[in-house]
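One structure is given here, and the rest of the page talks about it.
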Amino acid sequence: MDAAQAQLLPEWQVAQWLNTEQSMSLADLRGQVVLIHAFQMLCPGCVMHAIPQARQVHEQFADQGVAMIGLHTVFEHHDAMQPHALAAFIHEYGLRFPVGVDAPSADGQPVPRTMARWGLQGTPTTLVVDRQGRLRLRHFGHVPDLPLGAFLGRLLSEA
Amino acid sequence: MDAAQAQLLPEWQVAQWLNTEQSMSLADLRGQVVLIHAFQMLCPGCVMHAIPQARQVHEQFADQGVAMIGLHTVFEHHDAMQPHALAAFIHEYGLRFPVGVDAPSADGQPVPRTMARWGLQGTPTTLVVDRQGRLRLRHFGHVPDLPLGAFLGRLLSEA
Amino acid sequence: MDAAQAQLLPEWQVAQWLNTEQSMSLADLRGQVVLIHAFQMLCPGCVMHAIPQARQVHEQFADQGVAMIGLHTVFEHHDAMQPHALAAFIHEYGLRFPVGVDAPSADGQPVPRTMARWGLQGTPTTLVVDRQGRLRLRHFGHVPDLPLGAFLGRLLSEA
Amino acid sequence: MDAAQAQLLPEWQVAQWLNTEQSMSLADLRGQVVLIHAFQMLCPGCVMHAIPQARQVHEQFADQGVAMIGLHTVFEHHDAMQPHALAAFIHEYGLRFPVGVDAPSADGQPVPRTMARWGLQGTPTTLVVDRQGRLRLRHFGHVPDLPLGAFLGRLLSEA
């Protein structure tokens, strides 16, 4: 997405954070490039592709100015993917980056609040926010390492 | 394991079956080669290696005399891997072979009954039982496709 | 291929052997299961799939009665795949099993003699010969590890 | 490598070009980011990792300002990797980017001229040159897609 046309990404609405002691907002991360993986712990495409990529981004780019954020956007099998189960998943897969639990809808709809607000189609979805908080990439499905790396490299080079 | 020295594998103790309407016993499967994958739905090695292999074995060998059985041997994170969560996992990963839930211990120990009875060390564990019900292979960790295929081929050739 | 209907595989015609000091015939290998990979050193599918599989078969099954044989069936780019180049390839890829150079046609046709005699369509082609010298499997393209292993296991179980 | 400390990369010395009708110099590419893969067609690490990556870089980044260049730096098995064999390799692997044949040494040494001039240790080696012709990265072995992509993205963002 062209920087000139990009819009501020509205804040996420997170019910609970894991892997971080304090709650976080997008505004808190202004100045960093933010890579958000919206995922579900029982989504095979997430587990096979998005989660390993997220681990690598966190390990390789956290000290270069990329904030890696997981967002657990559960829209199916809610009983099986409650926060205590997510905590076990995070432990078993050795994830170290902050993971937020997308807040359930207020009216009992299956799609949680941030997923609805951002209009996400499913999981995994990759979103990249620039240093100014603008949404620059949103992709439903897997983004291969080479173009994702290049995109991060470009955004890191912006003032 | 040499056929002459192999022992009958004691029956599993299963609290609940998924993907099959009737409960099953090892004795019911006498005459078939039985491949058992003991796994946990949140064990990365199981998800990456054992589950895809089990799917392929079921698809390719079910009509050749191999009964593929999953055994959900939960010994950690029990709250996160209850049967309703396992059902969601099976649905998402498209598994079609019978999966039994290893019965919880009677005395509140974390290791379930079949896992304890068989002395399994962890997950994934691969077990192969011959047409006469004898345990011929038990391996903690992943067995690559080539030697597993050869082992199944040999046991299928036995009378 | 059903054993009852299988035919003896005619002998290969090899101009030169690598990785073995003496020339070999199919008849010499009677009593063993023979896995033949017909390949070309500059064929990507061979290099990516067939060659790694052949290495593993040789390492895991040579002492169980499987003779792994490579047959270099060059039908294109002949100048680039002469025996001295094949020797470099074998060295670089660390192959230890015998590799025969399919004999060039007598009349200047691009397809070499064994390839023509056996009616092979291209590379890689996998052929499996039983202990009695009969052709039991011929497949143009890659045979995955699981079914290939099972097939070897079955043939090894035959008297 | 920090831009301030980076040095101009001396010109390559190429005996022959493939996949391009005109000979090329580094100076001709000033203004583009240049990714150079030094490889040998019979080097397994090159074939497995460097060549597929080079293909992807060419397909995805050629129109963004990255010039992908292969340099065939043969220092062993010279007879097996002559230009006519390289042409067959390029055809079979479907490579479309320019590949230069590193010029043989004048005094019969096995290491070719550019490889010696640049002090390369072996193959594959990845080199990245910025828009001003300065060497910014040199790595013997494989650079994974994620950090390579990020590096290209950063250099593309430089004026």
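For this structure, a couple of remarks:
In order of appearance the chains are A, B, C and D, and numbering begins at 1 in each one.
Methods note: contacts are C-beta pairs under 8 Å (C-beta built on N, C-alpha and C of every residue); 3 or more make two chains touch, one makes a residue touch a chain.
This one's a predicted model, so the numbers in the text were calculated from it and none came from an experiment.
In a homomeric contact, the two copies may use the same or different surfaces; for subunit A and subunit D, over half of the interface residue numbers are shared, pointing to the same surface.
Each chain gets a centre from the mean of its Cα atoms; for subunit B and subunit C, those two points are 36 Å apart.
As a whole-number value, the distance joining the C-alpha centres of subunit B and subunit D reads 50 Å. Shared interface positions of subunit A, defined as residues touching 2 or more other chains, are absent. Viewed as a network of touching protein chains, the structure reduces to one closed ring of chains, two contacts apiece.
For subunit C in complex with subunit B, the residues that touch the partner chain are 53, 56-57, 60-61, 64, 144-158.
Subunit B makes touch with subunit A in their complex at residues 42-44, 47-48, 76-77, 79-81, 84-85, 87-89, 91-93.
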